[in-house]
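Below: one structure in structure tokens.
Letters A, B and C mark the chains in the order given here, with residues in each chain numbered from 1 onward.
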Amino acid sequence: MSPSALVGLAVALPLAGAGLVLALGKWPNLREAATLATGIALFASVVSLLGPVRAGLRPTLTLMEVVPGLSLGFQAEPLGLLFALVASFLWVVTSLYSIGYMRGHHEEHQTRFYTFFAISIASAMGVAFSANLFTLFAFYEALTLCTFPLVTHHGTEKARRAGRIYLGILLTTSVAFQLLAIIWTWQLAGTLDFRPGGILAGTASKGVLSVLLVLFVFGVGKAAVMPFHRWLPAAMVAPTPVSALLHAVAVVKAGVFTILKVAVYVFGLDLMGTLAATPWMAWVAATTIILASLVAFTKDNLKARLAYSTISQLSYIVLGAMLANRWGIIGGGMHIAMHAFGKITLFFGAGAVLVAAHETEISRMHGLGRTMPITFGAFFIGALSIVGVPPAGGAWSKWFLGLGTLEAGQIWLLAVLMLSSLLTLVYLLEVPARAFFGMPPEGEVRPEGIHEAPWPSVLALVITAVVTLVLFVHPGPVFDLVSLVVPR
Amino acid sequence: MKILGLYNYWIVIGLMMIGFYTMISRGNLVKKLVGLSVFQTSVMILYISMGKILGGTAPILIEGRENVVYTNPIPSVLILTAIVVGVATLAVGLALVVRIKEAYGTIEEDEIHEQDDVM
Amino acid sequence: MSPHLPVLQVVVPLLAAPVAALVRRPRLSWLVAFLAALWAFGSAVTLLHHVLSVGPISYHIGDWAPPWGIEYRVDQVNAFVLVIVSGIAAVVLPYARASVEWEIENERIPLFYTALILCMTGLLGITVTGDVFNVFVFLEISSLSAYALIAMGQDRRALTAAYQYLIMGSVGATFIVIGIGLMYVMTGTLNMADLAQRLPAMEANRTIPVAFAFLTVGISLKLALFPLHLWLPNAYAYAPSTVTAFIASTATKVAVYMLLRFIFTVFGVAFSFDVMNLDRILTPLALAAIVFMSLSAIYQPNVKRLLAYSSVAQIGYMVLGISLASVLGVAAGILHLFNHALIKGALFMAMGCVMYRVGSVRIEAMAGLGRTMPFTMAAFVVGGLSLIGVPLTVGFISKLYLVRAALEQGMWPVAVLVLVGSLLAVIYVWKVVEVAYFRQPIGDGSIREAPLSLLIPTWVLVLANIWFGIDAKLTAGVAIRAAQALLGVGS
């Protein structure tokens, strides 16, 4: 199959899978098999694009012209391919995890869950492979809308309120800021295509372009830059597989991916370096990094703590984009992969603890590590990646981001990175420490019979933790892929 | 000449304002329709008086005579149509008033509002 | 293509109306109405095709040459509007069969269809004619039949709503007549093209601006431009479902077309915008409509009333596009004519389905409908997303052009307010969605999905929303060409 067709297949496959899941709703095992099969097929098609893209090809598939001058089209380029690889691989793993979780937790409406999951992945693929800002925006909004049923899955009053915050913040930022910025870009540049070197050079004054940059950064609400971050902790009301894939991988990564893409292919790094707004946005990202880490300290609910950790880590990538230099982009791009694997391991762990031990608060997780060693061991490895120390993959992305700050001459930002690593160390490693070494308070006895979570979930946990370790030893493939985005 | 000579326009404006005021200030539905009717009539007078040419004769072609000044027939023709429209509007309006009386028991606007607000 | 098609466009439905009245049986009168609508749609599409490929058509009624005779002139703008009006009629009529039988007594049904066809005839006539007094005549034909149609609603408030519409609508029509009369006094002609040639010489005279003012205010009353919109919410809310679906999608659109014709073709851009400063009046009013009416919609307990306020806000979008007076702006306005007809048509038809099964259109009555009437609510959700302006729907295309037109002129506060309107739409659409999907169904479980004869036309419009949102080349292309024709710039 030609590479162009493969690109289209990447978006179409999950949609077809969604239809299949809907049809097979009455037979749970067949339904789950359909999800897994679609996921594996998707990953296979995305992987087969790796060769052509590495060779320098940019397979393009233009679906149709929507209005004169704007078309709906896809193109495989290195950054998008990286996002697609991460998302499609983790879809398979998360589906495996979900089987164990949803059944172990006796969740309702499972068919609806798997159906909208598949549609969300299709939207994420659409974002990853978009050839222009219009296509990206279309799938970005689709992603918001089709994750809404997943966030509000439980249908409770709490879920409804969380859904309102989710939709409210994401739609407000995307319509009021991002859409304005996109149409403005169309007006200035006459096109919305992604091109190496950007499309905005020389189209307007530096002041106007600075405003445009600010609109884009705040308009991409999915990147959770403060103060538009509240939707992330609100979305934690969803079942853990949703939090894991969507809010550690697909939704948030779509956000930071958009920012990276806009930085490289709409503005162009050279132009960005000359804008007054760029260093300001870098500092906004830095503030988010520190503030989110501080808030994470105060959270006793494990998922809430992980949510704020995610907000902090996402701004690493935004920072990388705002450094407007080669190392910043490489670091940011690599962090898409590293953070995804690390964070998803953490969320898997949180869900496993919920299903197996029925605990959500960290203060009550003392001693669990002794009965759930695999879970908390994996959690430990994932935490190392987020902190950014060897032997976990996150060390590399942190390293390159640090190089980026030095190249940009911003020592203070390097200090921010160091400080946040320290904070992350404390608030994340508290969990496995308490689990392995904690003692229950006087008179409290833990109920008997707590084992590991159901085996599909544990298997998923182990896979992502192992990949995190592998990424440390073999960062080459990821590094090479991202380097193609910013050739010397 | 200037002000008194335009007496037709003054009459039109006067009737128009009387009609409009009646529509706005009276709460009785039939009185509102009467006001609307007066309002539309004033416009008809506007047209007809516009068509009249001083010293002009009826617009019937006189054979064999040159340089005759005829009054403009077109505004009168237009107003025939407008009169029909006005009659139809009045008819529909009055039919609605009859139905409203059946449904509400009154044709005073404020009493109708009271009944609706209670709902 | 028959050379008489422009006049047959109006005459055939006009003759079908008394036939529908004389045929006593409800089903037969429905059939007459449906055939008339189909015919009108086919004729309109043929006319549009001809105009796009060959050029504008000029038809002289009775072979009397203009400006003495009445001329029917079809160009890109009104051919497009003809297609909209007749298209909506052709989709609403299959829907009407079941809906009308449920909402209106049997003896009145033939008269109902008579009035419906007359309304359509009037709207088609306004669109196709090139004579200003003819516009008034057809305007009154469509308005009078609309008053009668609205009054047939089940709720007794339909009567007072129709009465209020009658009073305000007649005032508007009379203002238009005054404007026409004043123009005739100064130029001696009623033909639009002729007026366009003669008016510039008369502009110094005070009568012409007065005529312009009367015309604009009169048309704005028909258009429901804020603050002359007071008749609209009640009229839409209490009319029968079919009537709301039809009128919401057509009547105000034709009034917008009238505004376009008078501003651009008869008076001309220079007079309207440079001398009379129309943009300074229209732009603030349009923005006020968008913001205040969207806010009002949020607080309505009756969903049809909510959608009615939303319609006034959407009309604000159309007028905003026109007041920008650029090719992009006017094209955005014309495009939204088409798109909004699709959006509101679909939404009101979905509400008609709800009315059919549930018997009420209050928000509380819609609890749990996501489960008991999935296809109806899905239609509502897609229509709502289109109203908000989500990409891949028609609503997005309109917003795209409108914001771009505003940015092209450097009016970024206007662009921001347009997007704020979208966000307000999210609030009131989501109110309904939440009630339908998050609450338990009330009642004894007797609510089933709406019948196919209601669902299929609704979904035709819903799918059209998506189709023309993904492939907008045709509609955007026609809108741009129409705008170019109106503004007198080359293509």
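In the analysis below, a contact is a pair of C-beta atoms (placed from the backbone, for glycine too) under 8 Å apart; a residue touches a chain by one contact, two chains touch by 3 or more.
Nothing here was measured: the structure is a model prediction, and the numbers come from that model.
Peer 1: Sort the chain contact graph into one of these: line, ring, star, complete or other.
Peer 2: Here the contact pattern is a line, an open path with two ends.
Peer 1: Select the chain whose centre, defined as the mean of its C-alpha atoms, is least distant from the mean of all protein C-alpha atoms.
Peer 2: Smallest offset from the overall C-alpha mean is found for C.
Peer 1: Need the CA-centroid distance for the pair chain B / chain C, whole Å please.
Peer 2: Centre-to-centre distance between chain B and chain C: 28 Å.
Peer 1: Centre to centre, by mean C-alpha position, how many angstrom separate chain A and chain C?
Peer 2: Result: the chain centres lie 44 Å from each other.
Peer 1: Measuring centre to centre with CA averages, how many angstrom lie between chain A and chain B?
Peer 2: 70
Peer 1: What residues in chain B touch two or more of the other chains?
Peer 2: Within chain B, no residue contacts more than one other chain.
Peer 1: Which of the residues in chain C end up touching chain A in this complex?
Peer 2: Those residues of chain C that touch chain A are 385, 388-392, 397, 399-401, 403-404, 407-408, 415-416, 419-420, 422-423, 426, 430, 434, 438, 469-473, 476-477, 480.
Peer 1: Considering the complex alone, what residue numbers of chain B touch chain C?
Peer 2: Chain B residues touching chain C: 20, 23, 29, 32-33, 36, 39-40, 43, 46-47, 50, 74-75, 78, 81-82, 85, 88-89, 92-93, 96-97, 99-100, 103-104, 112, 116.
Peer 1: List the residues on chain C that touch chain B in their complex, please.
Peer 2: Per the touch definition, chain C meets chain B at residues 133, 136-137, 140, 144, 147-148, 151, 156-157, 159-160, 162-163, 166-167, 170-171, 173-174, 177-178, 181, 184-185, 190.
Peer 1: Taking the complex as given, what residues does chain A use to touch chain C?
Peer 2: Those in contact with chain C are residues 64-68, 70, 72, 134, 137-138, 141-142, 145, 152, 155, 160, 164, 167-168, 171-172, 175-176, 179-180, 183-184, 186-187.
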